[in-house]
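Following this line, the structures themselves.
Consider the two complexes below, in which chain A is the common component and chain B and chain C are the respective partners.
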Partner chain A sequence: MYDMNRVENAVSQTDIKIAARGVQVYYGDKHALKDVDVDILDKTVTAFIGPSGCGKSTFLRCINRMNDTIPIARVEGKIALDGEDIYDRRVDPVQLRAKIGMVFQKPNPFPKSIYDNVAYGPRIHGLSRNRAELDEIVEKALRGAALWNEVKDRLQEPGTGLSGGQQQRLCIARAVATAPEVLLMDEPCSALDPIATGQVEELIDQLREQFSVVIVTHSMQQAARVSQKTAFFHLGNLVEYGETDDIFTKPQDSRTEAYISGRIG
Partner chain B sequence: MPLSWALFASLLLAFAGYLLGRSRAFAAAGPDVRQLHSRPTYHGASVALTALMPALAVLAIASILRMAGVITAEAGTIVGLIALAASVLGLGWAATRIGRDFQARNAVERIVLGLLIMCSLIAILTTAGIVLSLLFETGRFFQVYDWKTFFFGTEWTPRFQGNSQLGILPLLWGTLYISFIALIVSVPVGLFAAIYMSEYASKRVRSFAKPAIEVLAGIPTIVYGLFALVVVGPMLRDYFAQPLQLGNSASSVLTAGLVMGIMLIPFVSSLSDDIINAVPQSLRDGALGLGSTPSETIRQVVLPAALPGIVGAVLLAASRAIGETMIVVLGAGAAAQLGLNPFEAMTTITVKIVSQLTGDSDFNSPETLVAFALGLTLFIITLALNVVALYIVRKYREQYE
Partner chain C sequence: MTDMPMSNPVSGATKGTLMQPDARTRRRNAAEKRFRIYGATAIGIAVLALVVLLFTIFRDGSGAFRQTYLAIPVELNAQVLDPKGNRDPGEMSKVLTLGYGKVLDAAVEATVARENIQIEGLTEAEIKGLISKDASAQVRSRVLADPELVGQTIEVDVLANGRVDGYFKGRVTLASAERDNNTSPQQLMLADELRDRGLMVTRFNWHFLSNPDASDQRPEAAGVGVAILGSLYMMLVVLFLAVPIGVAASIYLEEFAPKNRWTDVIEVNISNLAAVPSIVFGILGLAAFINFAGLPQSAPIVGGLVLTLMTLPTIIISTRAALKAVPPSIRDAALGVGASKMQSVFHHVLPLAMPGILTGTIIGLAQALGETAPLLLIGMVAFVKNFPASPPEGLFDPASALPVQIYNWTQRSDPAFIERASGAIIVLLIFLFCMNLLAIYLRRKFERRW
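Coming up: the complex of A and B.
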């Protein structure tokens, strides 16, 4: 099923961070994702859009093998990170997830202090040799998540005491602190108000300079605002994938057009 | 039995009142039932309750008066007649109220609300009553026995001829020692079982293993006591105490502690299992998504999140261990002593309460009254533990729900 020619026929190969070929996902008897081929570029924001249950979150969870934690889920096909299949038997999903960070729909800070939340990843992966280095990583991550100024005086307070928008930025800082190569975001703004959403979107735009970001979103405006590439999923199929501007202005598929104009969804 | 006949008669009256009220309501409504404020069944219920309540009130007051000694048992017939009369009067009065505008539904709901409040009051008042009775008898005990000797005495040698040494310390020590060993056994085993069940076990294993563990919780403690007596005690003596020259007794602190620990395993594991399951899945996903292994996730995220609840569970287990009696009687013996050797026989407060109150002695000597002082002490210890445990558990719940 894995065909090198298909990879080489794709866009400029050097920029491809993740190449998925023929990905199928089954939840028990349900065929949730059907034969998805997609190339995700480095240092680019890629948005996955589509109606609920279309498979976009399912595909996102394939990229860091989070579907492994669901006993009834079965994934077929190939997903290559920098040319290496992440579903190869020798790949340890734990190590993979250190390289591919994830931010979830609902802010999920750990019941620890703000500092310990951010330091969690660096600690388990041994990214720092001493406290000073760890402090530096934490500060950099919090600055990167545009949260530093708000929390620098209360780093030892519990992360759960922050507001919803701050919690989500804390979770982004936590993911960024692990120095990932890809950041997956599963509807990161769906629990946030418009102001916090704006802050997170701005942040996504900055993060693009460091690594590639894949974002699942229900909001087409958000996809149009933050992404360069957009993939439209429908009923488990990847219907259309291309430049965000093209998807929203001249969609090739009638289903894409129907969705972005609000007729299906 | 005139009183139970009166009760039975007023129940019949209430049933008749229900039918009467309903049919009168239909009659009052005329052809269109929507003319009524309340549906006919509410009118029926209102009549039934108004017939029943006065009779119950009369019977309740009569039994209180009887306990207080104001009336005697011979007054039963009169009381029964009064109750019946009250019932008939209530029924008659309620029947006259039925009409299109009578708000029967509101009346019934008020009465039901009153009943609910009364039931919760009964639970609270009973607790208060138990405490009061303990307090009263304990007060009598301290009138005939010095409280300092009781609380600080290191000797427990009750003699029914009088002149007993009744120091609580050996009993308290035995209680705490045995409970401590029980917790050492039950907390790690129960907690690790819970972690396995909730985090690692597949659905099939879980559906089999969880009920299997919980079967342990259904075994009466006396059966555990037998297990301690015939298996654990002799085994500990033959394989540990005698070879190590630490004692010759099959009854020992260790026997009772071990068996009590086994008894508490399902208690600890099922409480901890619920608590661990209540930790939101999003926290596990967050930790796994950062590249933690499942075990790092459990140790660094799930358990800290569940910790307050687990502490609560452990304290609840501790208060059960402190109150346990049968396992100690059969496992640890009845010798009250202060000592560190876990292979020696010791005893606990609960066991001594039983032994002080069984046998024929009068209820005025310090040797019997001491049981109430012991009971009160035990009650206060477990109450304090429960309060702390519930406080911690509640604090934890507020965080995630």
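Coming up: the complex of A and C.
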């Protein structure tokens, strides 16, 4: 289980969960992300918006070092989680990803039972001592993802048999089950219909009480609905970062204004 | 309907009725129709070829599974078979098949005399020649196994001569016997008489599957026993070497290896190896395993090693294709919950790739099972009469292999061996068919949606 004391200490000292300084990302020759500085607050939903190819997903994948899996990607700069640089040589990305959960654009449940999908993370991290504890973690995670009532009678059925929205909530449950400190969501609703999107958005609002949520979205309405902080990316630059209300009502930068009014993107 | 002039929005297209296709549509439809006919013809030709192939093989080869036997009482003369009279198997083994031949000759002649068969011009040699030259070895091994039989009269089913057997299967006729030095119409008439009396019967021949090869003179005794065992041993070697090496190599190359010039070179060379003619692997095996490493000739271990080299590229290519087909989202999902690279591969990617890996492996094994050319070069074409011992020692004993045995038999002059060769082809085809069935079954069983 993750260390509650440390999180609480961190919060009491400062609300900053993740601090990024001078982050540069190169894909081969392509300079995908240029000198990004940003502070992500704890127990807050932060939305990354911007047109396609602006670097918002790239930055998201830097936070849990998923870019490590792309051979040509190179990351420079510092990203600190609770003051510890996650790109330090001593940091094991596998351990890091247990603390920073991720939900992907397309629902990608494992082709296993619903139960095994959620139990996989706790199992590999040894979060439970016995079956009863594991059952408890799975139930808690599924409740946390607002899926428990729909699947409690068919936990042994394949996760791939659920509807798209249910699958995405299953993926959220899977990420929540490892008790992360930050949850990264890469356009989690882009493959979902409006009703499922509404459910997931409601869920995001609840998850904020437990940890920091970072969501990449194409939909400005969604960013406005779910987030407290918004960052606008454009052509690899972080153009503007601030309170969501401010970004959408009185943007400081002309590019932000152009984007939210639909003139670029 | 009145023909109203209408402005046409698409320039060049002419206004027409939908009830009649225009020239362009007609041409396209005709092209499509032609293509369908080509396709159906191609499939028809393929099916016809397959039917003809199977028909000829079964027509020629089914005879190998039936064999003619002569049931006669044999008096095991103690004076001939155990001159010292002490029933010691060691002493008795000094009496060779020649001695048993005499005993059998007497038994056949006695049977013909007892049944009172009179045929004009039937010579003594033709009566003796009724049974297989292998019959004496048959009786000898039975007596050596049980020395107490000496002195008694036992009922034995001895193999009939290949020509007599061929006569009952329609391969030999009275007319062809006229011109044949190895048989005569009189001998065949005698065989007819014996059959009418129920002494000579043609029945299912399990010995074809269990007997070793036999010499040119006795096709009736030849079987595929040693060849099946040799092929089985080689498949064991391939299974235990090619599958782990191939699958491990593919997993490493596909999932772990850095993508750089070296892995590109390796990848290209694996593809090239898959296209290398199999006989080249035979030369490699001869040079590396027999001449350099000093492994014995004709041994299944060498055959297995050569076939392993040959099968590896097939297994690696199909395994990599199966791994590539697993959606990357599954890998991301596993890494996203904090699984290590190895956990993501072994917990998620490998189970999903399993049906493809198994199919590729079995297809590779089936290919190896039917491979002939490299085995010729490492001496597996030798005439092997003794069964290899059980593994692991048996892997170093000389053995044959099914496809080589087929090749070997087609080289022999006696037409009875054509029947044997076709019979062996049927055995080989049945094995291949079973392996493919297994591949399909495993694919169905492990296939999962994602």
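Assume the second predicted complex is superposed on the first by the 252 of 265 C-alpha atoms of A that agree within 3 Å, B and C clash if a C-alpha of one lies under 4 Å from a C-alpha of the other, contacts with A are read in each partner's own complex, and residues count from 1 in each chain.
Simple rule for what comes next: contacts are C-beta pairs under 8 Å (C-beta built on N, C-alpha and C of every residue); 3 or more make two chains touch, one makes a residue touch a chain.
Keep in mind the model is a prediction, meaning the values are calculated, not measured.
> Using the superposition on chain A, decide if chain B and chain C clash or fit.
clash
> Just to be sure I read the superposition right, which of the two partners does A:199 touch: chain B = first, chain C = second, or both, or neither?
Neither partner.
> Contacts for A:217 in the overlay, against chain B (first) and chain C (second): which applies, first, second, both or neither?
neither
> Between chain B and chain C, whom does A:46 touch in the aligned arrangement: first, second, both, or neither?
In the superposition, A:46 contacts neither chain B nor chain C.
> Based on the A-chain superposition described above, do chain B and chain C contact any of the same residues on chain A, and if so which?
Residues 64, 66, 69, 71, 94-99, 101-102, 104, 106, 108-111, 120-121, 124-125, 160, 171, 174-175, 178, which sit in both footprints.
> If you look only at chain A, which of its residues touch chain C in the complex?
Checking each residue of chain A against chain C gives 64, 66, 69, 71, 94-99, 101-104, 106, 108-111, 120-121, 124-125, 158, 160, 171, 174-175, 177-178.
> Please output the residues of chain A touching chain B within their complex, sorted ascending.
Per the touch definition, chain A meets chain B at residues 64, 66, 69, 71, 94-99, 101-102, 104, 106, 108-112, 120-121, 124-125, 160, 171, 174-175, 178.
> Would you tell me which residues of chain B are touching chain A in their complex?
Per the stated touch rule, the residues are 202-203, 280, 282-293, 296, 300-301, 304-305, 399.
> For chain C, which residues are in contact with chain A within the complex?
258-259, 327, 329-340, 343, 347-348, 352, 448-450
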